[in-house]
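We just call them A, B and C in the order they show up, numbering each chain from 1.
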Amino acid sequence: MEEVVWLTFLVSLLAAGVRLATPLLFAALGGITNELAGVLNIGLEGMMIAGTFGAYIGALLSGSEWGGALGGMLAGGLLGLLFAYLSITWRGDQVVLGTGLNIFALGLTSFFFRSMYKAGISQFVPSFQAWNVPLLSDIPLIGQIFFRQVPLVYLAYMLIPIATFLLYKTTWGLKLRCCGEHPRAAETVGVNVVKTRYLALCLSGMLAGLGGTFLSLGQISAFTEGLVSGRGFIALAAIIFGRWKPLNVALACLLFGVADALQLRLQGFGLPIRYEFLLMFPYLLTLVTFIIFVNRGDSPAGLGKPYPEK
Amino acid sequence: MENVPSSGSPPSPALRRARWFGYLQIILMPFGAVLAALIVGAILIALTGVDPLFAYQKMWEGIAKSNYQVGLVLVKATPLLIIGLGLGFVFNSGVFNIGAEGQLYMGALLGTAIAIQNWGLPAWLHIPLSLLGGFVGGGLWGLLPGYLKARHNINEVITTILLNYIAIYIVSYFTHGPLRDNPLAEAALPQTPEVQASAQLPLIWPPTRLHAGFLLGLGLALTLYLVTYRMAFGYKARAVGSSLAAAHYAGMNTTLIMVIVMVVSGGLAGVAGTVEILGVQHRLRDMFSPGLGYSAIAIALMGNNHPFGILLAAMLFGALQVGANNMQALAGVPVTIVDVIQAMVIFFVAVSAMIRWRAPLLSLFRRAEEASG
Amino acid sequence: MPAPLLEMRQIVKTFGSLRANDHVDFEVQSGEIHALLGENGAGKTTLMNVLYGLYQPDGGEIYWKGEKITLHSPRDAIRHRIGMIHQHLMLVPNFTVLENILVGLPSPKEPFLPIQETLTRLEDFAAQYGLPIDPTLKVKQLPLGLQQRVEILKALFRGADLLILDEPTAVLSPLEVEEFFAVLKNLVGKGVSIIFISHKLDEVLRISDRITVLRQGKRIGTIETRQATQPILAEMMVGRAVALDHSFPKGGAAQPILELKGVSLTRPKVGRVLKEITLTLHSGEILGIAGIDGNGQEELADVVCGLIPYSAGQMFIEGRSILNPTPRKMKAAGLGYVPADRQRVGLVKNFSIAHNLVLKSFDAPPFNAYGFLREKVVRLNAQQIIAEFDIRAADLLQPVGELSGGNQQKVILGRELKLAQRLLVAVHPTRGLDVGATESVRQFLHAQKQKGIGILLISADLDELLAMSDRIAVLFRGEILGVVPGEAASLPAISRMMLGERLEATA
């Protein structure tokens, strides 16, 4: 009897971990793309924030959650474009701009939201519903963990092999990675570094926007301020932890997702631990893994440096 | 070859003019940035269906309609000034500390813990002791990321931001738990008891709310100016920020310098948090800061990391904050427009390095160079 | 004469107020090796970057195979079958040889990478041009000579009727240069025309068919190599007659000043960078250290100057053992250091000249009182050094990053020579400087030697080492393979040692 309880707990924990890893995964895959192209994007958090609000507006206007996803991608992508314009065309410091972008997204979404709803409470909009994958969802344990999720979860996990293929196996991926390692070398073999980095940032913004979409339309059906609360930074840490390889990064996201699920469950257990410490746990875990793993991997050599140099 | 401008002789009038023009540009640029940000802000306000001129009029009235409001501006500017000074100091050394928010919380926690104690201390002892507690709390919170950056080159942006979330939860724990005021009462708010009268900062411009913390801020600005631009330590700290390799080559203990600078920066954020409690709020509340630590980043950047520039920028943003509150109340424009304006100032300052590159000063140097072959 | 393969007419390129190319004419005939000769800063690389589409000219026209063309980017140059090998190799160290060659190549099966096809073609090329290489190795594992081969293969893969080589021999040892010249002859035999950029007269005279000389952005003239001699070329380059192979008086060594005994350095991930270095430097002596870049020269300098703690061995100054040297200890022992990277290491670029001149002495009297910097004394010191070393600047508050390379080097010398009471370590002290600045830097060094200072001179320029050093030691993969007298007769022995051959009888 005891065992059954534990098994149920474990399955629901892992299912929730898979779900909670999804927004991290979207953002991290986006972050990998721009980092491999040589742009350090501290603004991932802001792009996610824009995504949560864009998705809400999209769903509100279109009356459909997929319209919301489009809105989330559009909002994130626009921030990516803004970041690209400031950091590539105007060669601003990427870390400073990324920090600015986070404040910008937080302020702008809150400004529009509070203008729309003076009371600060949004209305409900269409949201993503769980969709059981035929056959696969019937597999014991595995089916319950992976295949009874909302469609965005499946999309995120499908993106892992796609990103691996695009970034590491195609001519486009090789060019993109060359821009991140040695932009001048890329230029001398005819690669348009500026265009490549613009594209990488827009893609990154769109993916982070999808991550934001998941937070407002995949878990709840509304918008509130503070939905993202640091997930963009956790995604950044996951990228470093997973050494810029999509599969490893996904595993890191999963780890953080499960940590989050665990603390949520423990809150309900009435343990003699204060819930503030449980809430802190995912950040603490991220911090510790980041400190341990940050200097182990080879980051792209041109990361964070504007191009052309002068 | 012969008419090369001065090797050892004083600079020519043309050069002096160009140099002054360059300084002027550095000073004026950030204000241009604010102006531009206000224009974009006006467009945003118009988008929400409010007349931007009406909104800005309310904003201006909020700032200047009475001495009380002016006092409020300085009250709002005080924590921004103190945090901004610390951030400017640490940015000068090339460490991008964005953990001021967490350092502020930890400083306020320790500072308040001392300030609420009924030890029967006189004010001249209780206030400095509480402020020292604030410095230690914030400084310790800056020590870890500073050490990791300096010794192991671990990116301080990620570590400090994660520590922000952790600090906020720690304070949340204390305000809900061990330090909670009257925990048995059913409707008790998550906040500490009121700080002792002996630890409250005196008001210096009654009947406004302006408290002695503002004077402390002014003193700190002067001190940091001297340290940064007149003392050997500031020379070292700026050398570390300009070129770590050169500082190491010159025999400076770069690790120690970075750690010290980071601790000072965190400590000042902690002092700012404590000042806010001792001077304004008198109780430490859960989630008491509206992102002061983030706003101060914009202020440090806008002030070009220079203490006097930071002083001006802090007062400007204090005014924007007070004005925006009035604007929200009377024109229905959300105060968070100030965050948007701050972000845009960061954007403008970040890209203005590019504009400054084209300054006339430089082309004059170039000509001098060429003349020398 | 047939229509030239390439004709550049009246090319103008300005940067700010600097005119890097001033109405330059340049042409290349099919099948020739055309040398482009000039001092550092004469505008050679700028002209070639215009030809490769990296810079857009402000004026002038380019004719290629008789047709006028416009080059907006390297893509256009590659399309016209123009290839370029840059002075700083454009390779990604973390990529394999294969990936470096593949990057940017159109693929017959987009979006997939044409890996098999490329491997096959690579074998063909290797046989055809005599350029074998292992495509699976990462570029960072290859010696510089092989990295350059990868660059040539890269250009050939993209199809090159004209190959621009920017200072290709700078990274090679004398023997590798021979091998490289053979490859060039082979390429010309296969129908490739070559532009060979250099500032080394002897190489240009040996390899080229014609020579065009640039000076201060202007074309001075083009002559047939048959009719050229070193003095003619030197005068065209510099604008006045120059004394070539000017050698400084040798001798004067006295008692030992610096002794290294079995000094080794091991670095994480890299391994042993220095292996049991044993050396003695005497006062009044210049000891040259030769070797191809990256064989431990810069680490040796850093170790001697206390920037990197060594792993094993002993170091003595005037017979006294120095334990755990630090930059401060070494400064106190009377050491000055002119580092290899003057921009990033030797100077704080956005500090003023005056502040850079006290970079190592700002925290002691007379520049410091009670923790405060004494600006007046700092400026007085700057005025003196600026006058003494003839530093050309707008004034002493000018940020040092705005100075020319030669003047930056003089700022470093002005500071370090004052500190060098016993010995001086100078790494590539004249690299990238024009003839005038080079000459004055050498004069300063020689004057130090005459004052009885011991100088450790690390340079990749063999001519410089031979002209200045009393003795020359050769570093190869972190080891001293031998020490020879600093005279022209030692050249063959040095060349062999630079490639790893150990010399039995040492001087």
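Criterion: a residue touches a chain if its C-beta (ideal position, glycine included) is under 8 Å from a C-beta of that chain, and two chains touch if they have at least 3 such contacts.
What you are looking at is a predicted structure, and each value in this text was computed from that prediction instead of being measured.
Participant: Count the C-beta pairs in contact for A-C and for A-B, then report the pair with the higher count.
Facilitator: Per the contact counts, A-B leads.
Participant: What chain lies farthest away from chain A once each centre is taken as the mean of the Cα atoms?
Facilitator: Of all chains, C has its centre farthest from that of chain A.
Participant: Express in whole angstrom the distance between the two chain centres, defined as the mean CA positions of chain A and chain C.
Facilitator: 45
Participant: Need the CA-centroid distance for the pair chain A / chain B, whole Å please.
Facilitator: 30
Participant: Any chance you could list the residues of chain A touching two or more other chains?
Facilitator: none
Participant: For the complex, which residues does chain B have touching chain C?
Facilitator: 4-11, 15, 19, 226, 230-233, 235-236, 238-239, 242-243, 245-251, 362-370, 372-373
Participant: Going by the contact rule set out above, which residues of chain A touch chain C in the complex?
Facilitator: Residues of chain A touching chain C: 166, 169-172, 174-175, 177-178, 181-182, 184-192, 298, 301.
Participant: Inside the complex, what are the residues of chain C that reach chain A?
Facilitator: The contact residues of chain C facing chain A are 52, 54, 73-75, 78, 84, 86, 90-95, 99, 102-107, 110-113, 154, 158.
Participant: If we count contacts the way the header does, which residues on chain B are in touch with chain A in the complex?
Facilitator: Those in contact with chain A are residues 44, 48, 96, 98, 148, 152-155, 157-159, 161-163, 165-166, 169-170, 172-173, 176-177, 291, 294, 297-298, 301, 332-334, 336-344, 346-347, 349-351, 353-354.
Participant: If you look only at chain A, which of its residues touch chain B in the complex?
Facilitator: 42, 86, 90-93, 95-97, 99-101, 103-104, 106-108, 110-112, 114-115, 118, 229-230, 233-234, 236-237, 240, 274, 276-277, 279-280, 283-284, 286-287, 290-291, 294-295
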